[in-house]
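Have a look at the structure below before the remarks.
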Amino acid sequence: MSRVYRLLMACPDQVGIVAKVASFLAQYNGTIVEANHHADPYTGWFFMRNEILADTLPFDLQTLKTVFGPIAKDLQMTWRISDSASPKRTLLMASKESHCLADILNRWHSQDLDANLVGVASNHQDLQGLVEWHGIPFYHLPVDPKDKAPHFAAVESLVSELEVDTVVLARYMQILPENLCKLLPGRIINIHHSFLPSFVGAKPYHQAHERGVKLIGATCHYVTQELDAGPIIDQDVIRVSHRDAIEDMVRLGKDVERVVLARGLRWHLEDRVVVHGNKTVVFN
Amino acid sequence: MSRVYRLLMACPDQVGIVAKVASFLAQYNGTIVEANHHADPYTGWFFMRNEILADTLPFDLQTLKTVFGPIAKDLQMTWRISDSASPKRTLLMASKESHCLADILNRWHSQDLDANLVGVASNHQDLQGLVEWHGIPFYHLPVDPKDKAPHFAAVESLVSELEVDTVVLARYMQILPENLCKLLPGRIINIHHSFLPSFVGAKPYHQAHERGVKLIGATCHYVTQELDAGPIIDQDVIRVSHRDAIEDMVRLGKDVERVVLARGLRWHLEDRVVVHGNKTVVFN
Amino acid sequence: MSRVYRLLMACPDQVGIVAKVASFLAQYNGTIVEANHHADPYTGWFFMRNEILADTLPFDLQTLKTVFGPIAKDLQMTWRISDSASPKRTLLMASKESHCLADILNRWHSQDLDANLVGVASNHQDLQGLVEWHGIPFYHLPVDPKDKAPHFAAVESLVSELEVDTVVLARYMQILPENLCKLLPGRIINIHHSFLPSFVGAKPYHQAHERGVKLIGATCHYVTQELDAGPIIDQDVIRVSHRDAIEDMVRLGKDVERVVLARGLRWHLEDRVVVHGNKTVVFN
Amino acid sequence: MSRVYRLLMACPDQVGIVAKVASFLAQYNGTIVEANHHADPYTGWFFMRNEILADTLPFDLQTLKTVFGPIAKDLQMTWRISDSASPKRTLLMASKESHCLADILNRWHSQDLDANLVGVASNHQDLQGLVEWHGIPFYHLPVDPKDKAPHFAAVESLVSELEVDTVVLARYMQILPENLCKLLPGRIINIHHSFLPSFVGAKPYHQAHERGVKLIGATCHYVTQELDAGPIIDQDVIRVSHRDAIEDMVRLGKDVERVVLARGLRWHLEDRVVVHGNKTVVFN
């Protein structure tokens, strides 16, 4: 994989945005290896993502940002540029269930997930050995059901100490308090085990079984203060039938949870996701 | 297709049900061409469907029912036997949108749907020509938005007059009144253009667009008095993205509506669906 | 739907292509409503599609082509511009089976398919009434199995006479001769009832049944002189099992054939497909 | 999970098979928790699987086999009964790639896969630590590319020594010699990374990329002497596009390989698969 800069931007739509940005890059001989646009007819906003071969530009990331600044300002952009050589510092959080965590660790180990895994935090120690076999630090942060505040304070300290960019809730079974949600807006990713907005909250497979649906699903979304209501990154489903008991749904659902979380996380790590309002633009 | 009897039954589970029914059929030399069972661990009920080659039994349908009666009574069964030689008398109801109706008509015309289509009723005349080209009677039953009662009375008369067994709401845009729902319990099939229980009611694609889901769906279900809450027969989904405007969702959703309704209807017509509580057992 | 120009181009990749084209459009105040790029690392080619709001440009299609010409020449482009106000003159060809034809007609009738249907040609008369109900001319061109040449000559005349741009083989069961394939390269679309390259040629569902596959599929592709080997536009599959006899596969496969053909045709009609070598770039 | 006996049988079809078997079980008060039948119209064979609650029968597995023997003989059955309390002794074989192996280990660790994993054999040592963390013995059996015979002799010894019932080739990159294939007919499971029968043999993703297919797949099948031609247990696919380079296909394909192998293996372990000729009946 060649080193690339990923330029992600959002601004009110107008004629000439692509021309300005593309001309800027062409002027410095920057090779665009991937480009995606989206003009949203409902909001009048324009979104763009460019991947540029880093070596084709005559300056470093900091200079690129400085030089691009005036164009971005002129177009009233919200924007960011990331460097594939600096993968996001990512903290995984899990509880006892291993399927999502083991899957992410294996993808990372197989070099299929471009994250800098700075640690795994869990309120249980069940998965410590697996995590450590992968060479990732494990942090045991117990939860006292009667007073969860110390736990969340520990999480916040860890996020700060490890300079965490992205948090992944890989079947971490606690609801984050408001202040944690606000700390990393658009950078905490959760996997919910239903096809949202159906079956918000606890025990979604029980709810699905009760309703008699013929497909169950999983939803990868950014965490906001409202439970299971944040911007959706990806979803998928799997077929079930009257033969499937709740425990079958739990088992079948794991396959969907794994792939949906892995897909959503990958897109996030590659800066393919723009949050706008409560929705996402995903340039995949 | 050989002529078959379809024996569908539900009863409290106990040891020996299959043995009794299978022995009964074997005693008369009846050849079972398809058999399905389901023992539900939650309710303690047992469900079974047998397809028997009609010509291998030494008696007609009426006699079969008579002879089977005592066994059914002994096992406290709810049961029915249908004859593939007497396809269900089916009334299709539609409004202006043609995609589901045209699809069902084509399947019927191609001999892929084993229904006796006794008519199509609609509150508009747009589809009359298409229906009549297929040789099916068309009934124009207008709706007065200020007083819908006469319309529903006309529907009820038609159902009675045509001796309708099954009604299919093929994107018929009216909500049936309570008395009509009760008239044909488990025999009115609707296609709802969302993945229920998400987006109940009007304009589900608008709701889906608003929420930013990444899959849209359709649900085929039996109509009950509670809107979009009846037993689900089948569901399916299709992928959408930020690029899809509401009108794209409407268009894409049609493909799912068509196949989900056709599949659910087919299973109903072949007596593959048992309603139990607010859920279905589908022996497909 | 607003009127748009669709600019589709392919050229050897180099720095600055997007900048040049986007600047050209911006210079004339053209609003880009959709843009897609693809840089192919294997061949070193670059592909781009722009949809431009026609009313935002100060000139007509012909002038646009003239003004754009020098840029295209400079970049060594293969290119074309089409106008959504002039949908492609399309000839459908079918035999006896109606499912694909009825589906396309219904989509067209529902205004979901932006084609100018100039006619339906068939070697049988079974579907004449259905076609004519839709207001499309029907051409009966019989095939003499002992001498097919007159049939193909009649097809060729019809193509010429109706100034056909695109031919759709909607389960037309004849193999086109070499000269017809050459006449409309990249403009004859076929639906093959298998997941190519598996099961080329006759009776693919029989082949699939014989091999015991667990999914069957359909492939929409451009016709070339080599049977079932042309560039693939789209494919999809449906699950089957040991319970499905060949006739069940035929029936289930129809659902896949319908949607795959409709999808591929839609992309072709909207100029979303570029053929390069024996593969396609599909900007969907 | 309650302990069950799984009775799997195949015999020429005739009237009364279900009656005989069900009556036999009812006579001893055996509770059937799951039953599946299939009458194959092409071969005239009948297949059946019954799951019986072990505790409801008055005798042990050996006596059950003895008592059932005469019925089976009378019906000319090929049959077997397995006991869920004795999961199959399973040997996993892998090479360097970890995705399938890690996935199976995680399912086993999560108690979602009912196998007795007696060991993992590999021609490389890369995965030793992961395997051993799960508490499974690891056997390093190197391959000399110039003389593979000693490797396969070591595999054969290991199979014998560990009393292996089932071998899983979890992306094991060697072609088994004839004698090993014959040793465990219908008990060696392979995952091939294409949608067979397309792209048999080496580098299927390269072949898929070359052909320009729009879906790639994976196939789980029993190994026979003919390469990639054994009875198919399960298959699935994932969508790709012109944007996907070969290495993207390799990455995307892993998700399909994982689930298809896990599904096929699960069905095998639960005695849900009957091989008949070169096809499978899968009672899932």
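Note that the chains take the letters A, B, C and D in the order they are written out, and that residue 1 is the start of every chain.
The rule is simple: a residue touches a chain if its C-beta (ideal position, glycine included) is under 8 Å from a C-beta of that chain, and two chains touch if they have at least 3 such contacts.
Computed from a prediction, not measured in an experiment: that's the story for all the values here.
With C-D and B-C as the two chain pairs, more C-beta contacts join C-D.
Chain centres computed from CA atoms place B at the largest separation from chain A.
If each chain is reduced to the centroid of its CA atoms, chain B and chain C end up 35 Å from each other.
Per-chain Cα centroids separate chain C from chain D by 41 Å. Annotation for chain C: residues 34, 243 touch two or more other chains. Contact residues of chain B toward chain A in the complex are 38, 40-42, 195-199, 211-215, 217, 231-237, 241-243, 245, 278-282.
By the touch rule above, chain D contacts chain A in their complex via residues 34, 97-99, 102-103, 106-107, 109-110, 112, 129-130, 133, 243, 251, 254-255, 259, 262. Considering their complex, residues 15-16, 18-20, 22-23, 25-27, 29-35, 37, 39, 56 of chain C touch chain A.
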